[in-house]
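Across the two complexes that follow, chain A remains constant while its partner is chain B and subsequently chain C.
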Partner chain A sequence: MLPDQAYEALIDAVGQENVSREPVVLDGYAWQPTFNYNPELWMERPSAVVLPGSTEEVRQTILVCNEYGLKFKALSTGWCVTAAPWCEGVVILDLRRMNRILEIDEKNMYVVVEPCAIGAQIQAEVMRYGLNIHMIGAGCISSPLASATSFMGHGWDGIYMSYSPRNVLGVEWVLPSGKVLKLGTPGSGLGWFSGDGPGPSLRGIMRGAIGACGGVGVFTKCALKLFNWPGPPVVEAEGLGLDTKTELPQHFKVYLCFLPDWDSFADSMYEIGEAEIGYIINKNALGLLLSVIFPRLTRKIAKRKAIKETVDVLKNEFEIILAGNSEREISYQVEVLEDIISRNGGFLFDLGDNPLVGIFWWGLVRNYAPPILFRPGGQFMTLFGSDDSFDSQVTAARLGERIKKEWLEKDLIYDDLGDTSWMHIFENGMWGHCEVPFIFDPRNRRQVEAVMPEAIESVMASLEKNLGVGMLAMEPLIRKIASPMQGNYNKWQKEFQRIIDPRGAADSALYTGEAEIDLSTIDPNKLQKMTEIIMKNLWTESGPPR
Partner chain B sequence: MTDGGRANADIAGALVSIVGEENVSVEQDILGDHSRCLGPSPVGDPLSVVRPGCPEEIQQIVRLANELEFNIVPASSGAPHLRGGAVPSGEGVILDLSRMKRIMRIDRRNKVAVIEPGVTFGELEEGAAKVGLKVLTPLLPRANKSVLASYLDREPITIPKYHWDMTDPLLCTEIIFGTGEFFRTGAAAGPGTLEEMWKAGLGLKNPMGPSATDIVRLVQGSQGTMGIVTWASVKLEVAPQIRRCYFLKGETFGPLIDFAYRVLRRKMTDEFFMLNAPALASMLAKNNDDIAALAAPQSPFTIVFCLAGYAHLPEKRLAYLEKDIADVAKQCGVEIKREIPGADGMRMIELMDHPCSVPYWKHRAKGAAFDIFFLSTLDKLPQLLAVMTGTVQESGFHAERLGLYVQPIQQGRACHAEFHLYYDPSDEAEARTAGDILATASERLAYAGAFFSRPYFPWVDVAYRRCPDTVWMLKELKRVFDPKNVLNRGKLCFSGVE
Partner chain C sequence: MTLADYERDMAGCSRCTCCKWSALSQIKSWRYAKNCPSVTKYNFHAYSGGGRLTAGLSIIKGRSELTEGVADIVYKCQLCGACDTACKIYRDDIDINEVLLEFRADCVERGQLVLEHMLMIDALKKEDNVLGEPKAARDKWAEGLGLKDVNKQRADVLLHAGCRYCYDKDLWPSIRAAVRLILSAGINLGFAGKNESCCGGRAYELGYRGEAEKYADDMLSRVKASGAITLLTCCADGYSHFRYLYPRMGRKLSVDVVHITEYLIRLIQAGRIRFQRKVPLKVTYHDPCHLGRMSEPFIPEWEGDKLLRPSSLKRAGRGGVYEQPRAALRSIPGLELVEMERIREWSWCCGAGGGVYEAYPDFCFWTAMERIDEARSAGAEALVTACPWCVRAFRDALEQAGEAFPIYDMMELVAKSIGIPEEEV
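Up next, the complex of A and B:
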């Protein structure tokens, strides 16, 4: 229970109407089943929730936390367990009141936003200027600032619009000590066009590959890169979700491309990247797609061998949107794509005037569909995700396929026909991404309890192939085993934490926390292998294994 | 022998025990090369030059520096240095990394090379070309310029569409911090050995991480004050099958900037940069005899850009781009040319594709040059040029010796702008005037919108004066990575860090 004095201090910071310690309100912030290993699916009930409306109110709230020995955690659009309290005594800063687009610099292609300006809102505004913003896999309902500064940031437009943390320019950041730090040009009062320097870039302690998930403070403003949008300033779309109807604009094409095997699939991706064509490219797990669109039907047909074999044959598929600034450019891109797919033994399906084109085109551009991933089973988890060369991502996809098969046979995950991976490339194929999602029913205790061993198994498979730990790197129990194999990075993170958070005010479990794995949940043979992998890869005083 | 002399002898002796006698120099002529640069930075006092051959030797040297408390100044490029980052502030041992020049791997499929600090642009270009790749270079690097030194200093590359983020084209690194500890960034964090990672199909292409760190960003731009990079993976790109160079001439900035914004947004070009007449003449000239004749017929400002076709339908790509970019030029009221006085496209490509011949291009006009460079946005350039021109005019310096090079970065979202003051090094008064202009202009430009993201003398003070919170954080981080302050003491905002 939050002490009265602290409660009063929070009211002083943000106003009575923006503070609550009512259990019924607080529990809304503790129910976090997505990406949650804990079979109870609840996290700690926060001590209070506040809704700051400005940087100063964020700062005052943090100072109160420091003064009263409370912890704090910021929440923007909060999609999963990373946004929940991980310990007792946490004050949640729900940033929903800070939802403004502060500036659109059309010429220099960036937008300055607050934490709860969502992707759809920003995209609708910047498209009027012929610009677009990178959308993440969580969809247009999520906060681009959050993914840019704090957690992940993959999305299928990465081929043209990169990856959230690489799209950050200037940043305003309230440290856990209450100090406000501005990165790059805003720190020198020179606008928002750069986040790096003078000299070393402090973006180096802001997030990294995975993000600190709120463990380093609160990001209150940032500038994000915008990219060319050759489509109409306003897209006329009718209907919602899977019923969306819209016209494919001039100079756009949408294709489904099918390749005969993983090798030709990978070769095609590499060639598309090198040819510098494509606006959006994405491999969706086909079985997952069917499960999402037709959950009941998929449940009925999933056990049929012929269906599985069909999906298996078609699994090396990707969707691609080509976008041209002129008829000449789109014609060139189409010709190149046809050539690449044909030479790699595949075929492509032009969605053209097909009624599905609206769902695919606008669904991928506006990115409104991801939340329906909860439809088939009620919950899902995602594995792998250590980005690097596309070949390494194909390795991850294959590993995921193998692992998933085992858990499917035990009926511990929803049968999405065994098709596995969500993949795309970034920056003209500079690197790639692969996640392996699996769906489960949060009301099914067996399935819920299987989540952690499944995750551990994927991490071990990834480590065995030198692929890193991927998306689970933020987990305290994964950090405990991964850090000593990766240069003891948590030692340095703790050093940064000491500087920015001398009184330990941030809920930093997902930044520097370490926890022991419950070894009883792991098969003894797999445990033996896990130990061998760890011992082989440990760093020593003289450096990395050589 | 004085106490200081004895200490220096002890250091040299200990260094010899690490790298061997042949790799430690204390001769005055060698030390002299490292005591000064061609810029206005103060002269330093190198004690010795040590040339390690591998990361483990670097680690031992850093540990020795912690023990004996001496200053290490990393240097990878050959002398003469231009900006003072490799010149000690006071005394220092030069850590000359030029012996470490292995190209450890070139991976055609993943378009990446892994290189040691001593590899020069020319060497990497030769290796990359063999497999159909090209190196992303700054404009006319010196022949002995280290690729890693350039990338670690965030020197801008000439192809803005490949500059997605400020770390580009630098990817993964191995670092030895001032504590003597190793670290690996990005996908190179592993786990495993490099060989195991390569065997598993990794390209070391993901520059971020591990986990919630992005330490490469702290080492880049640090002038060797945070850590020493022992190798790095760097982005390469596909060598075009066909490439043409074009020019756009302008009497004023306006239409050229309009054109730049439009084409950069669409990622249409390969190389793209802008020069004023004196800088363009310096680039084209073989020596100072040619400069005046080459500068006179040029327009005040010229954009140089290339269009290219790659493996797939290269001619078709070039053809559509030529037509589309001509449409853009028409909208901007400018005309694209295939040649300018003194050069056609082929000549310009020849220049861009090779390290700079001697004399260095900025020194051709008068024998020497001072630079001042910063980041801005293209739309702010006219006012910044006015500030610089005004400062030059006030000083009585020759207006025709003010060079300007503008390099769009981050796909056109910002630009690197640099002014050159071409001066005669034998004329002390002129050199002094040029130095004074730099100092005055630093202050004025900073308050007119210039962001000194790479702080060198004489603008380092104004750069950091404007961001006290950044300085606080940087000093804290310096204490973490280099608690005994053994790495390039006194640079950036780190004078007085203990």
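Up next, the complex of A and C:
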């Protein structure tokens, strides 16, 4: 229970109507079923929730937390366990009221936003200027500021718009001490156009590869790069979800590309990247796609061998959207794509006027479809997700296929025909990303309890192949295993934390926290293998394992 | 059903927050991207559709008590259904609307009452209407129209005027125009006069199930006794209640239930009425929640795992009345219809529903002014709608704000085009 004095201080900071300690309101921030390895799905109930409306109110709230020995955690849209309190005594800063688009700089192609302006809002506004913003895989309902400053940030437009850590420019950051730090040009009063100076450049400390998930303070404003949008200023679409219909604008093409195997698939990706064509590229998990469109039918046919074999044959598929500023440019891109796919032994299917073009074109550009993943089973989780060469992503996809098959046989996940991966490339194909999704019912205790063992298994498989741990790195249980195998990186993070947050005010469980795994949840045979992998890869004081 | 019966729905919430936003594929600006008045105004997650699911789960799991604070969350909601529609773009296994209704019934059963709602129910018990107006004056709006009294004469079509139209003099021209229009088309129309009562839907929405059932039974008897084959209403609330809440209470009407906008189109298509006079006006149409997404017919609760429920057996807002009002407006010569960004099943609410107009007028007026702002932004010279509660909320909100913007009940524009003199209505 929050002490009365602290409660009064919070009211002074943000106003009476913007503070609550009503248990049922607090539980709204404790319920976090997405990416939660805790089978209960309830996280710690926060001590209070506040709704700051400005940077100054954020700062005042943090100062109160410091004064009363409370911890704090900020959230934007709040989807995912990263937004939850991970320990007792946390004050949640729900940044909903900070939702503005502060500036669209058309000439210099950037937008300055607050935490709770979602991707769909920003995209709708910048498209009027012939510009577009990178959308993360979680969809347009997410906060671009949050992915840019605090967590992951991959999406299928990465081929054209890179990914969130690359796109963040100037940042306003309230440190856990209450000090306001401005990164990049805002730090020198020179506008928002650069994240790296003149002015302090701490991008690596701010978020690193995965992000500190709120463990290093609160980001209250940031500038994000914008990119060319050769489409209409307002897209008129009929329908709301999978039924969406739109007309494909001039100078756009949408293809489904099928390759015969993983090698030709990877080669095509590299070549497309090198050729610098494409606006969006995405490998979908075909079985999963069928599952979200026909969830009941898929349940009925999933056990049929012929169906699985068909999906297996077609699994090396990706969707690509080409966009040009002229007929000449789009014609060139089409020719290059046809050449690449043809040389790699594949074929492509032009969606053209097909009714599906609506969902594939606008669905991928606006990226409104991701919540449909909840449809077949109620919840999903993804494995892997370390950025590396595309060949490494293919390795991850193959590992995922093996792991998923085993869990499907145990009937612990929804049978999506076993197709495994979402994949995309960025930065001319120099980087790739792969996540292996699996679906389960959060109300099915047996399935929920299987989530953590499955995650651990994927981490072990990743580490064995030197793939890194990807987005699972945020999880304290995984950090405890992975850090000693990867140069004890968490010791360094804790050093940064000591400087940034001397009083330990931020809820930093997802930044530096470590927790013990309940070994009883792991199959004894797998436990033995896991121990072998750990022992083989442990760093010692003299350095990495030999 | 009880709140606890919806545990799987509540525990299914993934907290994706789609319930807070307009259809993501349709968002066209920063300004008009939100769909839920409640969480837009009060901001804490608990005031959203998903937040209320979690609140309900917290209550039934014994994590939280049903306090006055909880009641505040439960009742500062218009039951507009926007959250449910947004959720169902993606989900088949969650019925937010059902949870919200059960939450209210639970509040009433366990004594977490709202004073203004108690006064409405008292008024209902005394005068058979939630406005507290005398029952004896219920038929005054129809004076001089020559409507048949179904207590004495048989009519093919029984008109249910509804509480708001019966007592709100500002709205009498609309309903009188509707009656004149239908009579002029040669329809055998009647009404119950002083014997008409509230449909009971508002009582149900407030959580007073017993009262609602009593009035539903009364309505069923009246319809049956009238011998009518069609129940016509100009009240969008009543329309929704007849099609959705009545069957939910196990009291399905055995007649064709029709809203005036649907009936109008039937008459136009049959060539029985024609719009002759120009109405040179650029208007935008506000979809009333109860005529739109909330008017979908009741579908019995799916038994068992809702993950197995076919999409066709979920109420997702698609089956509301959206086209007929627009078609009628387009039929009026000289009238130009422009659309707002949030329309049809992803429409923004007027603010009046769910007892909010009565208990939290400031919240209602704020919601209404948000919509009027959107109408202005669309370039409209006036806003037209087809629900008396919406008209009332918009006009009152404008008055309170000291602003002017023409608000029309659709039948007012129809009357102008048909050429019914104002003094006759």
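The rule we apply is simple: the second predicted complex is superposed on the first by the 540 of 546 C-alpha atoms of A that agree within 3 Å, B and C clash if a C-alpha of one lies under 4 Å from a C-alpha of the other, contacts with A are read in each partner's own complex, and residues count from 1 in each chain.
Everything that follows uses one rule, which is that a contact is a pair of C-beta atoms (placed from the backbone, for glycine too) under 8 Å apart; a residue touches a chain by one contact, two chains touch by 3 or more.
Remember, predicted model here, so these are calculated numbers, not experimental data.
After superposition onto chain A, partners chain B and chain C are found to sit side by side with no clash. Contacts of A:Trp362 after superposition: chain C is touched, whereas chain B is not reached.
More residues of chain A lie in touch with B than with the remaining chain of the pair chain B and chain C. Once the two complexes are overlaid on the shared chain, A:Ser392 sits against chain B while remaining clear of chain C.
In the superposed model, A:Glu401 lies in contact with neither chain B nor chain C. Per the superposed model, the minimal spacing between any CA atom of chain B and any CA atom of chain C is 24 Å.
Those residues of chain B that touch chain A in the complex are listed here as 55-56, 59, 109-111, 154, 164-166, 174, 181-184, 186-187, 189-193, 196-197, 199-206, 208-223, 225-226, 235, 238, 261, 265-267, 310-313, 316-317, 319-320, 323-324, 327, 375-379, 410-414, 446, 449-455, 463-464, 466-467, 469-470, 473-474, 476-477, 480, 492-493. On the chain A side of its complex with chain B, the touching residues are 107-110, 130, 162, 165-167, 169, 179-185, 187-191, 193-213, 215-216, 225, 228, 270-271, 274-276, 325-326, 328-329, 331-332, 335-336, 339-340, 386-389, 391-392, 394-395, 427, 430-431, 463, 465-468, 473-474, 479, 482-483, 485-487, 489-490, 492-493, 495-496, 499, 511, 533, 537, 539, 542-546.
Considering their complex, residues 18, 20, 22-25, 27-29, 31-34, 41-42, 45, 49, 51, 77-79, 94, 96-97, 100-101, 117-118, 120-122, 124-125, 139-141, 234, 237, 239-241, 244, 295-296, 299, 362-363, 366, 368, 371-372, 374-379, 441-443 of chain A touch chain C. Of all residues in chain C, those touching chain A in their complex are 8, 11-18, 21, 23-30, 33, 43-46, 51, 54-55, 57-59, 63-65, 67, 69-70, 73, 89-93, 307-308, 310, 345-346.
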